[in-house]
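The following pair of complexes shares a single chain, subunit A, combined with subunit B in the former and subunit C in the latter.
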Partner chain A sequence: MSVVRCPHCGTANRAGSNFCNSCGTELRAAEERAADERAVEPRRQEEETAAEPGPPPAATPETPQPKEPSPGLPAAPQQPHGLADQPWLRMEFGGTDSAPPFDEEDDSARAATARLAPGIQGLLAPVRVSVRSAGDDEPAARPRSPDIPAEQMRLVRQRMGSPPILGQAEQLWSLPASPDLRLPWLFLALGLAILLPALLALPLPRGAPAQWPGVEDAFDVIQGLPAQANVLVYWAYDPAAAGELDEAALPVVEHLLQRRARMSVVSLLPGGPATARRLIERARLEWQRSENLTAAAESAWVIPVQYLPGGAAMLAHVAQNPERVFDAEQQERPDLAVVFGAQAEDVQHWLEQAAPLNRTPVIAVTSAAADPILRPYWNSGQLSGLVSGFDGAYSYQSLLADRLPRLERSAALDRQVVLQDWGLAIFFLAIVLGNLAAMFSRPPEP
Partner chain B sequence: MHTDRSASANYLVIALLVSVSLIIVLDRTGIASSLQPITGTLYAWGILLAAFSLLLGVFNAGWVHLQRIFLGETNWPHSVALVAALVVVLASGLLSPFGAESSLTEWLFDAIIAPGQATLFALLAFFMIAAAYRLLRVGRNGGGWMLAGALLMLTAQAPAAGVWMSPGLTRFAGWTLDVPVMATLRGALMGGSLALTLIAIRYMFMTK
Partner chain C sequence: MQSSALVFDAIGAWVAFVFTLMIFSALAGDNALARLSQHILVGASLGYAAVLATRHVILPRLVDPLISGEAGILDGWLPLGLAASLILAGADRIMLRPAKPNAPPIWRRLLHGAGRLVTALLLGIGLGAGIMGALQGTLIPQYLRAAQIGFVPSAPGYLPLVGLLTLVLTTATLLHLYLDPSRHLDRQPGAVRGLMASWLWLGQRALWLAAGVIFARLAASRLSLLIARITFLTDMIHDTAFWTWLQSL
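The block that comes next holds the complex of A and B.
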């Protein structure tokens, strides 16, 4: 298999590659240069042969001789050297091309035709690591920059390829070697700290999570919705983050159901609609149980859940065309938008792409990790409410239980609070153990 | 392979991109609000194109892995598993009148996709405890500050801490997030954005 060397890092890439597999340098120019060199090499050999005394080379059937100029016609211009094996490039060539369509050494063209969409390498073609063939073991010829010495370039590449070092490197490397780590024991302790309280209902002074600002505002906005209000829900999490986000979303959806809001759900994630349907069904069951409603009373009420491909740009389309997600008779502007997002970017995308178009109040229900990044949006008023993580879920459930006595607080959330305490205790233990291990394994000063 | 034709196609794509961007910018900035029907159509086309590219991606992945199987390339059994899963999930949705809500598709989601994704995400806790054990140490450069910040946030978020600790600790943690952390974060974002803008300008207008 023929290869092309990257002029930047020397990696052997598959012939026909547009970019280097290792560093991403564009290889087309390098390949064209190599092709030029391959074309120049026989020319140079011919010139060397011509310079030596001896009989002229005999004509072969594959290399047609140039025709003699016809009388009365000007002589054909002198053909350049190097066309002995490329008769089709001669002006007087009138035969058929008997050469194979592709060079046997170069399988790049075959590979290109084998692709589903040729010529779009990098977008659709699979990423293949170069296969080293015989002769590839020689060290790659590193190009020399005319301006920067090779040694300096090597140092730059080494620095760029290694992780950054904060502060003075000497201080960092002078630390003692890591002590004998017992990470499996820590992993076991963490697993047991989660499993045992969950299975055995171990008691612990539970306390109550802190109520962060923004939760009560979210509650008040939903509580103030008129009956049959249109609520547009942007569902931006899937089962990967459902362990945390389901607990945060459940009381909010339950509250929306209790307020008889007409929800329409849109998601940009393939797994989003299925996750949304399950959580809404769970919230509906909780609500029906707490209010002693019959399933038949609400069974006819179907909440539309849609998946939209196209990424964050489609959020503007949703905001501009509410009929795209609402029922036909609900084409007016939504009364509220609720974003259930695992990452801060999900909420930011909505605030940037959709919120300026329909001027609808927005409530964000997010993970605890997204809270610090989104809190300024709540401070500035762009978010009307912010519910994040288990803390936000617990606070919202408490508000529901206090102000709407018919709705009970979820027992699962109480259990979650205990598990959170046990998990955090193990984290504290790991930090203390790590510092103790580093302290006692420090070698004596010389 | 790299002919003038492909260069012309590239210029055509760039011209289309610039035109569409210009229309959307004029509409979003309110300079030409009358363009809204056009932007709506463009967004709808975007959905169609995204759906088509999704299908193309599925066919491309299937084609690539079928080739790997037929050529017997390295790890071809993995490709067999991928193609089989692809066919089963596609068939479960396409052959059922309920589509993506068919019973088999729902079972695949509940029994395989959801637990698999949740399991992978749950591994994050083990990575975090390993990182806490190795890195949150006083002796490292800046380690003391990192350790103090981590302890403050862990304590403020622990529900049990509310029993023993003062509520002022939670308020202090909130102030830390709102003021110094946010100022640092925004400074870094601003610096990164300015650097990106300068690099873009240099890339577009300067040859060297």
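The block that comes next holds the complex of A and C.
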């Protein structure tokens, strides 16, 4: 399809367009110039042919020849006015379009390649309305308001040509008085507030995070497990969320090991089993150190970790047929299910697919972001315990240290609390300063 | 054996250190290092998942039982046939030239039909399990819990108040989401209009409050992830000889 390039912005517009679709620049002059060049080219070729007499050039498949050439007359004056520069209005048009030229002898090919309605594209193209009367050779001047500058007209056409924005007021002016949010500075402040205390190990004062409801319930459920209880673990996080979830899961796994629970781990994530093995090994080392156990005493104790693809629908299979999942001769009904999930949906999937089938108490260990969504499940009793985020981990570690003095609170968690306080302080400062700036800045002028 | 494991651990830690810095460089703007690290991360994750599925699922649960003759038709040959038809139908669509729309060969129509059958099975089972799970695990228990709050005589005194508040805020939020005051309340009597406007106002504030709580916990969660990465970097720096030399100064 022939196009005309906008001299202002370079956008390819359909040939025959009056204005650029992108910036509104007038294209008529550019197209007339291109049409003049196209008209001059055949005449130049004819003059060269007349100057060098010889046999006429042979027809090539790429250049279809006119069916009844009239050598004495130029083609353009025979066309009605408007069709010379709008060839798609002609019934036989087919040369410059993307549709391949059809062979007249092959009716099927003609039917396949011919247009559904010849010339209908001309209705969509801008048709130039002639203001000249018949026989008038002088072109009439186009009406143009002399009061409106050309640049302003271009802006108006550009705005009229852009798609409308529905449902909200379009902002036509800038807001120089309103404060801008400088995100890079916020990132820098946040990064430095965490990096400097972590790098220099500054001894900073801190307060203990609040203990949320559900943490003590989780502790009591695990503490009340019989020796060598069967615990089914659904591991629903991978290294992407391990930075937060490892700290929350570590005290719970340590507690399960201390209670001599027989854990069986299943994960639907490819990175889940490796993450589970790494954290369980870390918890086992901590537990051995605190209990003065030798590695040989626990070497025979293997915790099975299984990866199962198939999505949430596989959880029903896990709940109904654990012996097939873990290849055990006889897998007893689990006494407890623990879900380590990065998102609320992971816990919801277990509560919806597996918990109604095996009727096992469920404890959820999740990220802080999942807590508000899962809180109703704890309120309704579907969750027997809920440990979320670094503050939940801190509370659980505190319970472990208070009631089981052999297990020490990890220094990493203490450092996490200090750095979390610094980061939250930066958040708080940014919110306060942003609101103050918005309150005391000049309102935008309409 | 022990020393080689330590060497691999050290190499892995330094590779993770470099890749963490490359990812963090995206904060300064889009750049080639950040894009390269993202491409490597995605490629390595997909390759690891493929190897894991092959070693832990396809070989031990499908191929080995079929070879040893332990698998039956339902738990061996049928899954193999469904998987093969889905893979072949997908490969035909991806790798071969598209057939003419009017007259594709009969074998291609059969192949595509088999692929659609497997896809329909997967989608249907997944959706059925999801809908039934949402009913039995979320909707019915949550509804029963909300309905029972006011009818438990031994419950603490604040629980009926919580139930009433839950009812008011839930209905107000739903009304705010579904009612347009300019369209639905204009022709109502003044008293009804005032009551509904107050209810909608309450629903809007309830939505703001819930969004604020969720956003606050989300910020805390992402802050924990950032702290974990930065402490990983600082721990690596603390282990270097350069840091020891700096401290000696």
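Here is the rule we use: the second predicted complex is superposed on the first by the 249 of 446 C-alpha atoms of A that agree within 3 Å, B and C clash if a C-alpha of one lies under 4 Å from a C-alpha of the other, contacts with A are read in each partner's own complex, and residues count from 1 in each chain.
One rule holds for everything that comes next: a contact is a pair of C-beta atoms (placed from the backbone, for glycine too) under 8 Å apart; a residue touches a chain by one contact, two chains touch by 3 or more.
From a predicted model like this one, the values you see are computed outputs, not experimental measurements.
Undergrad: Does subunit B (first) or subunit C (second) touch A:311, or do both, or does neither?
TA: both
Undergrad: Taking the superposition on A as described, I'd like to know which of subunit B and subunit C A:369 touches: first, second, both or neither.
TA: second
Undergrad: Between subunit B (first) and subunit C (second), which, if any, makes contact with A:320: first, second, both or neither?
TA: A:320 contacts subunit B only, not subunit C.
Undergrad: Under the stated touch criterion, which partner chain does A:421 make contact with: subunit B (first), subunit C (second), both, or neither?
TA: first
Undergrad: With both complexes superposed on chain A, which partner does A:213 reach: first (subunit B), second (subunit C), both or neither?
TA: Once the two structures are laid over each other on A, A:213 reaches subunit B alone.
Undergrad: For A:23, select first, second, both or neither according to whether it touches subunit B, subunit C, the two together, or no partner.
TA: It touches nothing on subunit B or subunit C.
Undergrad: Check whether A:351 is in contact with subunit B, with subunit C, with both or with neither, and answer first, second, both or neither.
TA: So A:351 only meets subunit C here.
Undergrad: Spot which of subunit B and subunit C makes contact with more residues of subunit A, would you?
TA: Greater contact footprint in residues on subunit A: B.
Undergrad: Contacts for A:190 in the overlay, against subunit B (first) and subunit C (second): which applies, first, second, both or neither?
TA: both
Undergrad: Classify the contacts of A:433 with the two partner chains as first (subunit B alone), second (subunit C alone), both, or neither.
TA: After superposing on A, A:433 lies in contact with subunit B but is clear of subunit C.
Undergrad: Is there a shared patch on subunit A that both subunit B and subunit C touch, and which residues make it up?
TA: 187, 190, 241-243, 271, 273, 308-309, 311, 313, 316, 356, 368, 371-373, 376, 379, 391, 420, 423-424, 427
Undergrad: Where on subunit B does subunit A make contact in their complex?
TA: The contact residues of subunit B facing subunit A are 1-2, 6, 28, 36, 39-40, 43-44, 46-47, 49-51, 54, 56-57, 59-60, 63-64, 67, 100-101, 106, 109, 113-115, 117-118, 120-122, 125-126, 128-130, 132-134, 136-142, 147, 150-151, 154, 156-163, 167, 170, 174, 177-178, 181-182, 185.
Undergrad: Spell out the part of subunit C that touches subunit A in their complex, as residue ranges.
TA: 27-28, 45, 48-49, 52-53, 56-57, 125-126, 129-130, 133-134, 136-138, 141-142, 145, 210, 213-214, 217-231, 233-234, 237
Undergrad: Mind pulling up the subunit A residues that touch subunit B in the complex?
TA: Contact set of subunit A toward subunit B: 16, 28, 32, 109, 112, 114, 116-117, 119, 124-126, 166-168, 171-172, 175, 178, 181, 183, 186-187, 190, 204-210, 212-213, 238-243, 271, 273-275, 277, 308-311, 313-314, 316-317, 320-321, 356, 368, 371-373, 375-376, 379, 391, 394, 417, 420-421, 423-428, 430-431, 433-435, 438-439, 442.
Undergrad: In the complex, go through subunit A and note every residue touching subunit C.
TA: By the definition above, subunit A touches subunit C via 184, 187, 190-191, 194-195, 198-199, 241-244, 246-247, 270-271, 273, 306-309, 311-313, 316, 348-349, 351-353, 355-356, 367-373, 376-377, 379-382, 388-391, 412, 415-416, 419-420, 423-424, 427.
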